[in-house]
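Two complexes, one shared chain (chain A), two partners (chain B, chain C).
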Partner chain A sequence: MLLLQLLVNGLVTGCALGVVAFSFSLVYSTTKIFHVAHAGVYTLAGYLAWSLARAGMPDIVGLIVVPVVCAGFGVVIQRLLYDPLAQRRATHLVVLIASLGLLAIVQNAIAVLWSPDILHFDSTWRVQTIKLVGVTLNYAQIATVVVSVALYGATLFATRHTGIGKRIRAVASNPFLAELTRLHPRRTYAMVMALASALVAVPGMLVGFDLGLQPYTGTTVLLTGTVAVIAGGVGSLTGAFLVSIVVTVLQNLSLLVMPGQWSVGITFLIFVAFMLVRPRGLFAAA
Partner chain B sequence: MEYFYSYLILASIFVVLGLATNLLVGIAGIFSVSQAAIFGVGAYVTAYCLVNEVMGFLPAVACAAGACLLLNIVITLPALRVAGDYFVVTSFGIQLLATAAFLNWNGATGGASGMAAIPPADLFGYAIEDTGSMLLLCVAAMLLCCLAFYLAMNSPYGRLLRAIREDELAVAASGKPVIPAKAAAAALAGVFGGVAGSLYATFLSFIDPSSFDLNASVLLLSMVVVGGARTLAGSIIGPFVLLALPQVLTMVEIPSTMAAGVRQGLYGALLIAFMLFRPQGLAGQKL
Partner chain C sequence: MDLLQIDGVAAGYGNKAVLSDLTLALRPGEVLALLGHNGAGKTTALRTIAGLLPARRGTVTLAGTRVEAMSVAQRQALGLRLLPEGRGIFPDLSVAENLDVVAAANCRGAGDLFGMADVFGLFPVLQERRGVRAGSMSGGQQQMLALSLAILGTPRCLMMDEPSIGLAPNIVARIFELVRDLCVKHAMGVLLVEQNVAAAMKIADRIVIMNNGEIVFAGRPDEARAANVWHYF
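Showing the complex of A and B:
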């Protein structure tokens, strides 16, 4: 039953990672910014929820309020950092370094303001477990799967069938033409940042419920997510979500043959090898 | 005085590292956040050789430089094939992979507790034990590396690298060897990283994985950005300024548990401020 348990654990982590991956993909394919600071938003969300919980709010309040706050944070990032850089015609490298700087600020501010050590939520609902065909799951894990899949479905629907979603895709495919047809790329970028930041806040909290919060782990999560984005084909939400699940399931299964602290390293080793052989990713057009 | 000496020693070691980062990021235009990993490999190879008495200091430095040279070419290989952001992920990935290896390969690296009691450097049988002569050694190494950097950048090869950054396709079309040139830049940066690692390990006589993590790579990037990309002066100014920063911070009263976070956060703020208001750094050219 160990195999099944690992499989399910991988699935749970993969769902959370999938949301990180496709929200990053949303930003990346629209604004073309390699938004490393996304990991900062992810981490911040968990800590905000923790503080709300400490202030006596039930966890559900955090789940609703924090994404709104993070959406605002996303807009601020776009307006105060990426927009000015774009107006200055900064090169890709400059934007990336700025984003990396923001990530360093957010992570270290969290370590200073909250704690550099691991924090756990006080609530008890999240550790209650149920057993299903020999697999033990806690409520936080179940919530992770349900909410993540729901977010994935909702985002997929929104990008395909709503006005905003179509506008985002139009700007992504041709910003110049979008400008001409008065789709306001800059406003759209801010919208995408808001949406993606709200989305990434949710796994930030859900994983926190399950495993606790640490200031610096977000970087690894985001990078594993970007691996999934690239391997799944840039711009494909489904690709990013599914490959995320595949990656984490494989990482969990690898526990059968080697100690856990190597799994992240091995993931990137495979990715580097993969990049050498197939630099364009699995599904991207040649 | 001792304190000031060790600041100068660390700064000159980081100048060597800054040159490596500047060469890759500034001049060749290969984004890299894995230079701290190379630095770490240099330090660990030297420490391993010296602690286990495999060889003397100079051969150990040569080994470290050789290992880093090869390794840097290997990890930069993806950049020769994939452009832009895919390599960014690869570079981050290599840094995380290296950190995992430093932390978990207990047999060779001592794991999280690191390696202690690394013997001091020695040159031709003369042990360099006091800080003063270590300073001389490090400054000499720094000057040597600066000279190498200066000569390389003012040679036709330096112009070739700059041309590649500006327009790779045009360079390739005019029949210039693009890939060997990039590989050579990675090799030179690797040698710098290896030498810096050797000096670092023998100076501190203790190394652990936290000196070679992603934060260290970000610090290196900040040094190049603050000092100024693409110039020799920039690579020298950056480390001296940024390493002085923690000393200034000690004058402000902050609890020691917060000091590391405040310092790292400040480096991040510097990165953003320079990117927004002065992308060319204190003494560099436009990035």
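Showing the complex of A and C:
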């Protein structure tokens, strides 16, 4: 039964991580920016939801309002940080450092404005549980799986079948031609940042409901997410989402045979194994 | 009246001045071939006219409208189109998606010179292959798609940067003939930059040869053949 419980826990965490990973992938494949500050948006979302809950709002209000606020934050990051750097022809390394700097600022600001210690939600998501064939799941975990899979499906559909989705993929495929054919790449980048920031806010809140909030955990989450993005094949939303789940499930199962502090090591072991077998990633385009 | 007028344009990269004083005029329904060896300044001229590179001096006028201070997108909306060298398609999208996304941004409906149906009429093979990933098509088919993307909507002046590179001679001949027909039929101007001098001479009404950023010859193809211009290549 422990095996089954670990498997299900891995699946839940993996779904949340999957949303972090595929939203990061969306930004990276379109803008070519290694947007590590994405982890800051993820973390901020949880704290904003916590404050709204403290102010007496039902959690559902946070789940709706916070992604909108984070979308705006994403646009601000693009317009005030990444766009000016691009106009000054900054190299990828410079942009990465800028993004890291922003992440540090967001995390420290959160520690100052809220608390450097763990914060828990008072809501009942965590204590209401159901039991299924010997596995216990709380409501936050169930919501995480349902909402994450829905977001993945909706994003995949949107990128394939909507005008905005096709435009995003066109800009990702050939930004130079996008400029020449009036697809407005810079506007599209801001749109992608808004979308990805709104998406990453959701697991930021749902994981917070379940496990509470800490200012600095987002970094490890994003690191694991980027492993999934690369192992899944850069540019593939499906690869990022599925590999996130596989990695997290394996990480959880490793608890059966070795202590928990090895789990990050296990992640990278899986990563190396993936890279040796499929160096371009599992779902890379031919 | 001239369709496109370039007057005393200077442009370059960083400290390097490539063009110092370029003056050119293109009439409606005319194919003008801009020739010269590598580094003569042809591509720089196209990039400057398209707005990818700022003009440091001089004016660019399209059908009476000064455009040298406009963005790439604004010039494109006025009908100034560039078919870039080797990168004219969205390789990861299907053929239909390529056309959809560009048509959505550039077609307005009834008043357009080229809508989706017109493009399929010009290149039936694109309709047959509409579901195929654009980057997996042959070079000739990719160039047909690139040309389609460049003309969707209402082009008035089409600039083509080395469109023959990597293509079989018969494909080049077919595409050039088609461009020539469209140019005459719709009173478009075509500014053609080419290394393939023989193919360019066949469809050009006028030839301009550049060397070190300056125009060293301008005239009809037969005049170019008569004059001793070959040492510029």
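A few points about this structure:
We adopt the following convention: the second predicted complex is superposed on the first by the 267 of 286 C-alpha atoms of A that agree within 3 Å, B and C clash if a C-alpha of one lies under 4 Å from a C-alpha of the other, contacts with A are read in each partner's own complex, and residues count from 1 in each chain.
Here is the rule we use: contacts are C-beta pairs under 8 Å (C-beta built on N, C-alpha and C of every residue); 3 or more make two chains touch, one makes a residue touch a chain.
Values in this document were obtained by computation on a predicted structure and should not be read as measured data.
In the superposition on chain A, the chain among chain B and chain C reaching more residues of chain A is B. In the superposed model, A:166 lies in contact with chain C only, and not with chain B. Applying the stated contact rule after C-alpha superposition, one finds that A:147 touches neither chain B nor chain C. In the superposition on chain A, A:247 makes contact with neither chain B nor chain C. Of the two partner chains, chain B is the only one that A:265 touches; chain C does not reach it.
In the superposed pair of complexes, A:231 makes contact with neither chain B nor chain C. No residue of chain A touches both chain B in one complex and chain C in the other. The touching residues of chain C, when paired with chain A in their complex, are 50, 52, 72-73, 76-77, 81-82, 84, 87-93, 97-98, 100-102, 104-106, 149-150, 152.
Residues 28, 34, 81, 84-85, 88, 90-98, 100-105, 107-109, 111-112, 116, 219-220, 223, 226-227, 230, 259, 261-262, 264-265, 267-269, 271-272, 275-276, 279-281 of chain A touch chain B in their complex. Chain A contributes residues 163, 166-167, 169-170, 172-174, 176-184, 235, 285 to its touches with chain C in the complex. Contact residues on chain B toward chain A in their complex (touch as defined above): 25, 29, 31, 33, 75, 77-78, 81-82, 84-90, 92-94, 96-97, 100-101, 103-104, 214-215, 218, 221-222, 225, 257-258, 260-262, 264-265, 267-272, 275-276, 279, 287.
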